[in-house]
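After this come two complexes, each holding chain A, first together with chain B and then together with chain C.
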Partner chain A sequence: MRLGNRRKKLILLTVVMALIFIAIYAFGILIPEEEIAGSFLEARRPPSPSHPFGTDALGRDLLLRTFKGLSVSLTVGFAASAVSAVIAILVGIGAAAGARWVDGVMNWVIDLVMGVPHTILIILISFSAGRGLKGLLIGIAATHWCSLARLIRGEVLQLQSQPYIAVSRKLGKSSGWILVHHLLPHLLPQFFVGLILMLPHAILHEASISFLGFGLPPEQPAIGIILSESMGYLSAGLWWPALLPGLTLVLLVLLVDNLGEQLQKLLDPSSAQE
Partner chain B sequence: MKGSLGRLARIFLTYSIKMTTLLLAVSVISFALVSESPVDPVQQYILGLGTAVSPEQREQIEDYWGVDEPPAERYIHWLSELLQGNLGESLLYRRPVADIIGERFLNSLALMLCAWVLSGGIGFTLGCIMGMYQGQWPDKILKRICYIISSVPTFWLGLVLLLVFSVWLGWFPIGFSSPVGVLEEEVTIWQRLYHLILPAFTLSLLSFVNIALHTRQKLADVLNSEYVLFARARGEGPWTILRRHGLRNILLPAVTLQFASFAELFGGSVLAENVFSYPGLGSAVSAAGLNSDVPLLLGITLFSTLFVCVGNMIANLLYGIIDPQIQEVSL
Partner chain C sequence: MRLKHGSFKTKKLQGILLAALLAVSASACQKNTAPDHTSVGQEDGKASETRDSVVIAIGSEPETLDPTQGWGHGNSPIVQSTLVRYRADLTFENDLADSYQLSEDGLTWRFTLREDAFFTDGEPVKAGDVAFTLETAKAAQGSVDLTYMEKAEAVDDRTVEITLSQPTSIFLNTLASIGIVPEHAYGEDYGRSPVGSGPYKLTEWKPQEQLIFTANEDYYDGAPSIKQVTVVFMSEDAALAAVQAGKVDVAYSSATLGTTQVKGYYVEAIPSADNRGFTLPVLPNQGKTTQSGAPIGNDVTCNLEIRQAIAYAIDRQLVAETVLNGFGCPAYSENDGMPWNNPEVKIETDVDYAKKLLKDAGWADTDGDGIVERDGQKAEFSCVYPAGDSVRQAVAMAAAEQALAVGIKIQVEGVSWDEIMERMFSEAVMMGWGSSIPNETYYLYRSEGALLDDFYNPEGYGSDVTDRYLKEAMEAPSAEEANRCWQKVQWDGTNGTAMKGACPWVWIVNLDHVTYVRDGLSIGEQPIHGHGHGLPLIQNLKDWTWE
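Moving on to the complex of A and B:
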């Protein structure tokens, strides 16, 4: 009985976290652009009840800007992670199930992507796309699939040595049939957990690349942009534009990371009985 | 011993071949990416000159640079110059790229080396403590801290440290690798170290988590083994066990992991250097990207790849040393 309760608690916790996550996202999306445009009369106000995060040098409310920025970050991070996870599953299956040389080539490509520091690679890709959203998305999608691909490759290699797959093969089922009916159902949880665990990294990369000035354009309310602007006012004693938006980002990343771990516990067959 | 040396030489050889192919591929890809860019390099060059240029002069520059040649031809031209050690001239700084990289790499190396040693030391110590008290409260607290730190973006941590220690407390300078307004020759080593502390600390906080969690796992494996049980039965205390059985087994894997983390170290240094306006390779690469300084961008990309590859090669060689199969061969 106790075990069942623990699992129920875990599910409840996951659902609550997912709801908070969705609420933050919806709140950010629903903020209209006009709300953010502030007035110069209210510039550089420290946090107060009417502006909980204070206002920036242009008089814009930082709380609204931060949450708008978080929703942008989440969208970018989610899109890039989804593409990255699809690449990972294709590469992983291709490397494990394909010919030997395919495996060799895939491993070489993974080494290649891992060999260039990711920040530099994203800067290059962003430069090539003329900066902005497109380069950012491609850059993050192109750099985050490696470890998940390796994980899936290992998983497929292990699955292929299972007796039921050997039996399936002896019964004359084609590789495609085995892939769809035996491999993919096994890999699906891995795929989703991998996707959610990739999300925090993607969000952090989005913020740092925007911070460096290669990501979203300066008028966009992104966390990286807010923090990069705040650097100019740091020595003037404006602590709130640097501290509060960054702290919110950290909390969001912790939330997403935790969500991924709970999902992993729920979906992983080896701990599902606990 | 001879067999083991032979094997190490083989690892070295195969890895060198692999490294060469990787570097070649990176040069092709980065060149292709840069030529895809919508930014017009001639326009950037002319902007940098600061004087008006007539259409004829512009044509001359285009002709000299070979802008109209097909990309493949330009690539081969660039590569042959590269192999002779000529990386071109930076548009931003108006100096040979090789000089800039050499000079800035020394600054970055000082920063990265400090952060590398610091993160290794902190990470290993914390990992040992977590492993020793596995499942007890020090382990739980430290693990929580590790997870929180891995969710903190480097540049924000840098900003907060800058805010607290430089702006509020005034203990450390706001930026740069040496005091402003002092001649290069008069800067003492202490002043340099003083300017290095905050960026190095920021950078090391980024990477110690990995090594701490890895060390914790390894130490836990060792402490659960039968020979440690026997050592306990003989009456050895926990610290003696750590010294006699733990450290020998976990130190080299930790060092190996630390060498394999050069890519994250370099990526982190780009952010840390930008926050602290530290004049290293990291701030040069973002300046190059923002100002469309193509030769410098390509040069630093290749150099960073080389840097990461060397780290990976050392890690691979160390794996070769600690792999028990080799030790069997050498016996």
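Moving on to the complex of A and C:
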């Protein structure tokens, strides 16, 4: 019964998530440039029926700008997480299945990357890669794979001591065959959970790096840009440019995180039977 | 298994929190530098029972306090004193000079110094120091242009003779911005620990934090009534927050923030020649580059009708009222309201005329996208501004919106100054200039100065007619005569740099320098401010008083 509930809940959540994603993407992409441009005669309007999120100091509608920004954030988040997760699985398997020295090197690299705070590392990478969308993507992708890689490495090590893998080996199966037929199927759930849990992290990083001015250019509608611009007007009493887009970002991130959690509980054998 | 997953998830969540925290704390570091060093100010505020100190927040830190390197350029260097200085109405009065004469041929200036002027280390100000200062400034080739000066030499302790290679009507203006440095106490780090004969002396300089000046009690014009001045550097919004917290006495603010009322403070909108406008490349793109490799020319803005159409399409009054909240006025030239400004440069907004200009030149919107084109060339170009400058961004976007109404698309982009330096010769820039001296007209329009890295003439403008008037203005025997020539540079009836002439610039607005001042403090009669992020404010510090 509970299992059914959880499954139902998850399916529902997944559908809702998928719909929200598609809606945000579609909405973001369908908003024409002219709509975002706004008009300087409409500047600094508080939320109203015609501008539900109000307008910013340059007269741009904040609702449209927020959603355009979210679609950019999602793109960055998805692309960076996917690349990161692929790196993680390659490094994880390589470390666990390769020679001892490979494992040593991989672990050293993981320690190295994890030893530097993410934000600073992303700023450095993004800056040297020419900032903008490209810099952010490279920066986030290059920093987010470590914990997932470590997890996968542990998993592989544990799997390799399992009797059925030992049997396969005794039967003369090659490492490649074992990898494809035994290891990868086992690792896929971890991979997806890791990917989804990485997404909110990546989105927030995109926003914070842009907020600090090392990410996207100031004309690009992005949550980080909107928030950082809004800081300049907080003391002048403009609360809506900071609050409403910020809340929207938090809601989206919570939603994705929740999805990841549900998925994890379901896929994890020890909790799946609860 | 479960444990591992658990830890993985907590890690992730921690990471998310950490990212958010880092973003918040990093921004806090950036913006909250204010309370740290204004705590000094607060103590001052408490001690101000006697009311003889002020804390001033301005936007940017001076690079140096060495006048030969540019300190005081266009303002007055409060640590040093100058030979002559401006009155509030921009005429000259003697400062260090007791008197001066100019020879018949306009080439030799002879200054006699006053006897009661001393540097703060006790040494008297001598003619040798004046000659040393001018020669050093000339050799430095900084923002003080003395290329027209042949030599400066001391005749005796009180007399200095300056020989020019050509008559130069702006020489007094230049002198009014060069503080005299002591030859005996001048060295490598003079810019950081200056000694001068001005109304104030530097007591402490904490880079990126604050400057503390104390009154020079022996100042020959009488010790100033404000004894201690702390200048802190912060962004406009941090400054406003500091005002709201009552931590500073005077704060430089901006047109976008100045509408906020703060109890215990009044807002002083100081008129300025600090203007904002587009520089539009007047040369076509022929694949040429500057020495540093930056591309030159733009095939859209090189057309006069495009530049003029933009000029006529913009409703400057509307921009001043909405974007600047009324803290500003329409700009029609680099020096509106100055004695050397030609009132003829003024134009009326006329959208129909702008459209007609385009139409007559063959520009038409054939594909219905709202942007005009001619021979396959769309009337479309980029305009860059320094990212983070909210006023420039807002002015540029408002102007772009109005230009679009006549079919010209201007893509506004915020970039770094480094990038602006690479793009300013081939794209429009939302530039700011303006100073209260006529020198600026000379530097903005001389063809010799075209396409240099100094931001004066990135559009590549040059004209023989203009050069001739500039030369006449420079060589004019009197200020009145010079002013007439400066006016002709702008518009002589048929030609000129004005928007109805060659239009290398589309001027949009002059900003008021919005300043919060604590009730009870008078900041004197402020002369018209030039371009500068709050620094012009302190040029008349010696006239400030508490009630």
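Quick note on the criterion: the second predicted complex is superposed on the first by the 260 of 274 C-alpha atoms of A that agree within 3 Å, B and C clash if a C-alpha of one lies under 4 Å from a C-alpha of the other, contacts with A are read in each partner's own complex, and residues count from 1 in each chain.
By our rule, contacts are C-beta pairs under 8 Å (C-beta built on N, C-alpha and C of every residue); 3 or more make two chains touch, one makes a residue touch a chain.
As the structure is a prediction and not an experimental result, all values here were calculated from the model.
Once the two complexes are overlaid on the shared chain, A:S128 sits against chain B while remaining clear of chain C. When the shared chain is aligned, no partner comes close enough to touch A:I24: not chain B, not chain C.
When both complexes are overlaid on chain A, the residue A:D257 reaches chain B and chain C alike. In the superposed pair of complexes, A:I140 makes contact with neither chain B nor chain C. By the touch criterion stated above, A:S235 is placed in contact with chain B and with chain C alike. Applying the stated contact rule after C-alpha superposition, one finds that A:A207 touches each of chain B and chain C.
Of the two partner chains, neither chain B nor chain C is touched by A:L187.
Of the two partner chains, neither chain B nor chain C is touched by A:L64. In the superposed pair of complexes, A:D111 makes contact with chain B only, with no contact to chain C.
Across the two superposed structures, the residue set of chain A contacted by chain B and also by chain C is 117-119, 200, 204, 207-208, 211-213, 231, 234-235, 237, 253, 257. Those residues of chain A that touch chain B in the shared complex are 108, 111-112, 114-120, 123-130, 200, 204, 207-208, 211-214, 227, 230-231, 234-235, 237, 239, 242-243, 246, 249-250, 253-254, 257. Of all residues in chain A, only 37, 39-41, 43, 57-58, 117-119, 147-148, 151, 154-155, 193-194, 197-198, 200-201, 204-205, 207-208, 211-213, 217-219, 228-229, 231-237, 253, 257, 261, 264, 268-271 touch chain C in the complex they form.
Here chain C touches chain A in the complex through residues 1-2, 4-5, 8-9, 11-13, 15-16, 18-20, 22-23, 26-27, 30-31, 235-237, 240-241, 244, 256-257, 259-260, 318-319, 322-323, 387-388, 390, 393-394, 397-398, 401, 412-415, going by the rule given at the top. For chain B in complex with chain A, the touching residues are 18, 21-22, 25-26, 30, 33-34, 36-39, 147-148, 151-156, 159-160, 162-163, 167-168, 174, 263-264, 266-268, 270-271, 274-275, 285-286, 289-290, 292, 297, 300-301, 304-305, 308-309, 312.
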